[in-house]
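You will see subunit A twice below: alongside subunit B first, and alongside subunit C after that.
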Partner chain A sequence: MNSIRRFFVDRESLAPALVTLFAAVFSLLAGIVLIFIVSKQPLQSVQNFLLAPFLRSYNFYYLLIVMVPITFTGLALCVVYQLRYMSLIVDASLYVGAVVATAIGTQISLPAGIHPAVAMLAAGLVGGLIGLLPAILKIRWRANELVSSLMLNYVFYFLGSFIILYYLRDRSQTILSSLPFKRTFLLPRLVPNTQLHVGFLIAAAFVALVTIFLYRTRWGYEIRITGANPRFAMYAGIPVTTVVLYAHFISGFLGGVGGAVEMSGLYRAFIWQMDPSYAWDGVIVAMLARRNPKFVPVSALFLAYLRVGADFMSRRGDVAFEFITLLQGLIILILASDRIVNYFKERRLRKQVLKSQGESR
Partner chain B sequence: MINFILGVVTSANYWFIVLRSTAPILLVTLGAVITAQAGIMNMALEGSMLWAALVGVIASSATGNAWIGLLAGVGVSVLVALVLGFFALKLDANAVLSGVALNLVATGGTVFVLFSLTGDKGISSSLPSKVLPALTIPLVKDIPWIGKVISGQNIIVYIAALSVVFVDFILRRFTIGRRIRATGENIEAAKAAGIDPVRIKFFALIVSGVLAGLAGCFLSMGYTSNFTSGIAAGRGYVANAAQVVAGGTAVGSIFAAMLFGLMDAMATYLQNIGLMPELIQALPYAVTILGFVVVTFVRDRREAERKRRLFASSTMKKENVGGM
Partner chain C sequence: MERLSETDSLFFHRSDALQTLIRTEKLSKIYPNGTFANKSVDFSVLEGEIHGLVGENGAGKTTLMKMLYGEEQPSAGRILIDEKPVSLASEFAAIKAGIGMVHQHFMLVPSLTAAENLVLGKEPKRARTRTFDVEAAARITEELSARYNLPVIARARVADLSVSMRQKLEILKALYRGARILILDEPTAVLTPQETEELFVELKALKQQGKTIIFISHKLKEIFQLCDRVTVMRDGRLIASHRVADVDIHQISNEMVGREVRFEITRPSMAPGERVLDVRGLAFVDDFAIPKLKNVSFSLRKNEILGVVGVDGNGQSELVEIITGTQKALAGTVRVHGVDITNRPPSVIRRSGIAHIAEDRMTVGTALPASIEQNLLADRYWSRQFSTKGGFLKRREMSAYSGTLVREYDIRCNSAHQPVASLSGGNMQKVVIAREFTANASILIIAQPTRGVDIGAIEYIHSKIMEMRSAGKAILLVSSDLQEVMGLSDSLVVMHQGEIVAYFPDASRVTDKELGLYMLGLKRQSEDEIRKVLHE
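Let's look at the complex of A and B:
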């Protein structure tokens, strides 16, 4: 309640919210303009794009399913962005996490319930270790973490698909697929006769956990202070290197768990033919949420809404699904531009200054 | 295995492929070098290449002329660099993030445009696009082994080699190079010396745009004869790592790009004998990181050594003064 009042009364916090809204609306409008340029039946396409989740109940559940992995990568990137680091290694963490989960889901027998939990934990640990790499390269050799993480993403992608191909592949299938998961590994469905799985609740729980961690614990506080001002953090006696390392471990952990949840929730075998690249979606989710895990579900919902709309529209019309990637780029461009972000703030400041000048005369 | 690799490494064909795979990486690495020297990281190189590769194909098939395709491709690549400059320098956006954003726009946008034009998302084979010519060098082609390696390459490969000289001249011989390095090293000092850093950075971005445009056009109009989705395959990102390996110099770029080219060509070969393509495809990226780490490690050691010496000599002088 208090935060709602603050949201409306405190205009300081209103400015960034306005920019976020502006980016969202702008991207939607840009999408509509693009549809009108290329589509032969633009009205139908726009309708499919904007109203997809409400036109078919399948689409609605699909929307919720799409939210799950991007919530995980969004949370992971919130932690990294709180540090003002740019590592995108969570992509590798998620992919390898899915591979680790596949290994556990196909090779090991465990009771239901425990089986996916063990897989998530193992995937999280491996993902966390992978998440550490760009941070270590940065601390030890001052290697730019974005560049090194992108290189490592390729390496781990090829490594992961190598493991699937040579150790876990189902050779009776013509398409690339791992052996089928054991029944005990599969997460139960949340709503019968839909694909919506318990992973949705797990993602929600992680939103709460990461929010509490970042804003209610000492470790989270140390991450935020280190990000805001590393020198100050150092002088205040915060072990900056340790903070950077555990933040990256947690970020990778979230990615790994996300990969495991996708596998046990949505699939019956590992069938990713390509890297799903959820990290890029995570970038937008985290930026729209302004690094605050509390807002991740909202921005994940918005992004999922865009994706489901684009997917539905492209399957029923003549607009390529990929235009969603284009819109995502536009959103980041707007959100990354300090001048646009500051525009609203500056305008208000200017007004205040003018007003006070008028009064003093 | 060893025999096989030895056989490959001594074959002229292998080195021909090495040069061919090195050329695009070399071009973008030079682009990354010049922008990094100016103090702005051009993360949008990947996007520049993608747009250049697509627009080159479209323009060449529309006009039937590969050169017009090249011109259009380079033009659009420069445009991407300018947009990055606009956001990073005029709107105070984080340069790395806006570069990444422009790459996303390119990844989605190129497929979107390709699909809208041809109805195909993967490949532009339905467009009758042209290919840039290969050159045979008169005398060199008759030299036994070397002729097979050096002659008969695509014209862009030779342009890439010339670009090394070009960028080296810009950075080390011309006044603009001094200004670029001044801007990159200490922006306040550069300003005090009357240099306009924004203009210098824009200049560096334009040059990098031209280089990335050449690389992109080469990929779709020489290296292969089609645009395929994601054709840049992370080379724009590799360039930003290779730039560090290159130590910020044009000549260093040759080695950095060669490192990738050697691995890339070896991957092509090893794949042919059916040797775990997944692991081998990871090689170029892994080796680039390794090179990246080794170079920064050596540089840091040298820097520490230099500081230690400086410190030692300055304390020695003080002692001398005290002795007098």
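Let's look at the complex of A and C:
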């Protein structure tokens, strides 16, 4: 029991953990209040919103499917956040990763099993190289990585679309779609007659890998020290530039793999009509996980739960799906404000002072 | 616990006929990070006295002063001025209540003139146009400067003023805003012995004019030279207040530390060994094109502590940064055992046998949010002792090793997994020292080893440095604490404006007054005398 508690909260992070919980619960409650304000049949809508995954088995599996890509981007952002960098280039890594996977899935013939694996590896490598760009711009020219990554995301989105349109498009289709994937490229289903695919397990494996990498290897140690104080890291002899580069490569790699997993697991061809922008979901996931990869599944589950609930509710009632963005905004707002953390701390401390003063008298 | 008893305070009132000007009642402060900085403090200052406030670092002096100056809000208790409770919600409120503070780091705008800085926020206006009257500002500055006998050059830009003049300007700034109570936070830390004496004369003159002064220091000698009364703090509590005439230096220092303190540094005599570090012709120019080092050359030998003396900012920091690889030299070479390491990255320099205690432990010497263990292992986590071939950390070895260092170096903490940020200044420094002294280096570059560290820890750190000397290390010691460098070093060099201006082969044969002349650039040895530090 004690070790379970220690897994979730050690002493120092109790206050942030409380704030995280508060953010989750508060946003849920705010969502309910909001539904009561806008809906003509609030009880029905709230029920659909909160219980969606349990009302239809389709919704339940859909929830698990939604978790997969945001787990990948959440992990990717945990890595850069550990470094206290703000790059969002993982969006481009994921999108281009999906394009690379599409190329391999449509143009190359390989045996089943190996085919998606090769695609994931290639997508990861390309995603990793893309992930390096904002870091290089920052190291070489001190360009702010948040701005440069957001710009580059557009560049790579259009580059990816260009490749699909001009080289991989299925011209027999009226809507934009790539050529169909080869059968060998498709990941097997985890549960028959559902869309839940093996990619879910791959995501879970990456959660474990990234956790071990960050907390059990010397390279993870280097990332954490560099993030805690880069000047100290330099002084202590840690190769800071190298650390920044490989951390960004890994972050991009995770995005690329995430893109490939989506393609081979969920789709029969590349049919994204626009950028799915999973990086922004990754921001929420990583923030809720307090940049610790072991909490990513929990926070991805929570975000997916909100998504699926909102989706189900909007299709069955009069509350628009977009109301989810309000809740996400609330979550980020609460998580980003240090003052709330300090409020919890100070209240506890004030009690301590008064208690100890009582003792000294 | 010793306290100022009722009868004592009555006695003061009668004999000195002085009124209590400001006092605190059960004042407590806890910071959000959990530091219990002040515990039910009853502090009182009489009108027209110079009141010394002493204590180790982390004893709560600065926190107490910050509450008096409105920078921090008490968690409990209250503050009374003239026996009336006041609420000091901000610096503005404190200034209004007649309290002025001179911070350790001056709050001045370097690009403005002294006069402009003095009146900033309370500028004299021309009668007709209501615009800033530069002439009036200069006049006010000169008048104040003359009245309080604190010389400053009103029309000079602050960037061009000496440190001691900037300090005087800070004092004038507080007086201009109507301060009756002046709080000076370790004002002598940045001054030469000569400047310190000058300041004391000026402060005593201010007292004659009816000002009340709270003087924070951890140099006890200064308290005895200057103060009427002294208050000792330890561990967030007020231990005692005394009339200075009634106590001696030993009693105060014992109250500060809570036990008997040795002041003597024991140093076994020892002949220096062969040269291990050769620095030749180092030059460096900073981002503002100001030359910071000019042709600096010296050698360092085994079993030797070479002290670097100088007023802060005369190139000492740059010298250390270049030797240790965090800054790149413009010209010159650094050799360790004959191997050129000039401008190599710190990782290479560390492996060549140099360990480095950085002058700023908060921004360079530690990673505050990281744990004690992570800090202790930051330069050796990669070794086979702590990492497998595959790159996995040997966590059991790491925690056993850090546990040993915590015990061996007496780092006071609950566990090696707590963040370094939660430690006191002295214990933070012990983390740095534990790492650097066990780095298996032949050369130690030590900068400001005891800056902002409490007396108990200072004593410990000094003994460790002497241990390292006996163990055959070559040590370069840079410190702005003159007593410290003189007491620890075998030989001394003095730096002035980026140059070595004097070399004393025997540190025990030189007085602080004489060093002061070199530090201020009033004296300079011949090239031949300085060249002796090359040991060629």
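As a convention for this text, the second predicted complex is superposed on the first by the 349 of 361 C-alpha atoms of A that agree within 3 Å, B and C clash if a C-alpha of one lies under 4 Å from a C-alpha of the other, contacts with A are read in each partner's own complex, and residues count from 1 in each chain.
Just so we're on the same page, a contact is a pair of C-beta atoms (placed from the backbone, for glycine too) under 8 Å apart; a residue touches a chain by one contact, two chains touch by 3 or more.
Remember, it's a predicted structure, so these values are computed and weren't measured experimentally.
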Applying the document's definition of touch, where does A:233 land relative to subunit B and subunit C: first, second, both, or neither?
second
May I ask you to name which of subunit B and subunit C touches more residues of subunit A?
B
Which superposed partner A:225 touches (first subunit B, second subunit C, both, neither):
second
Check subunit A for residues that touch subunit B in one structure and subunit C in the other, and list them.
342
Enumerate the contact residues on subunit C facing subunit A in the complex.
26, 28, 30-34, 36, 39-40, 75-76, 324, 326, 345-347, 349-351, 356, 358, 363-370, 374, 378-379, 381-382, 386-387, 391-393, 395, 417-419
Subunit C contact footprint on subunit A (complex, rising order):
10, 12, 216-219, 221-222, 224-225, 228-229, 231-239, 342, 345-346, 349-350, 352-354, 356-357, 360
Under the definition above, what is the set of subunit B residues touching subunit A in their complex?
41, 43, 87, 90-94, 96-98, 100-109, 111-112, 115-116, 121, 234, 237-238, 240-241, 244, 276, 278-279, 281-282, 285-286, 288-289, 292-293, 296-297, 300
The answer for subunit A against subunit B in the complex is residues 34, 38, 86, 137, 141-144, 146-148, 150-152, 154-155, 157-159, 161-162, 165-166, 280, 283, 318-320, 322-333, 336-340, 342
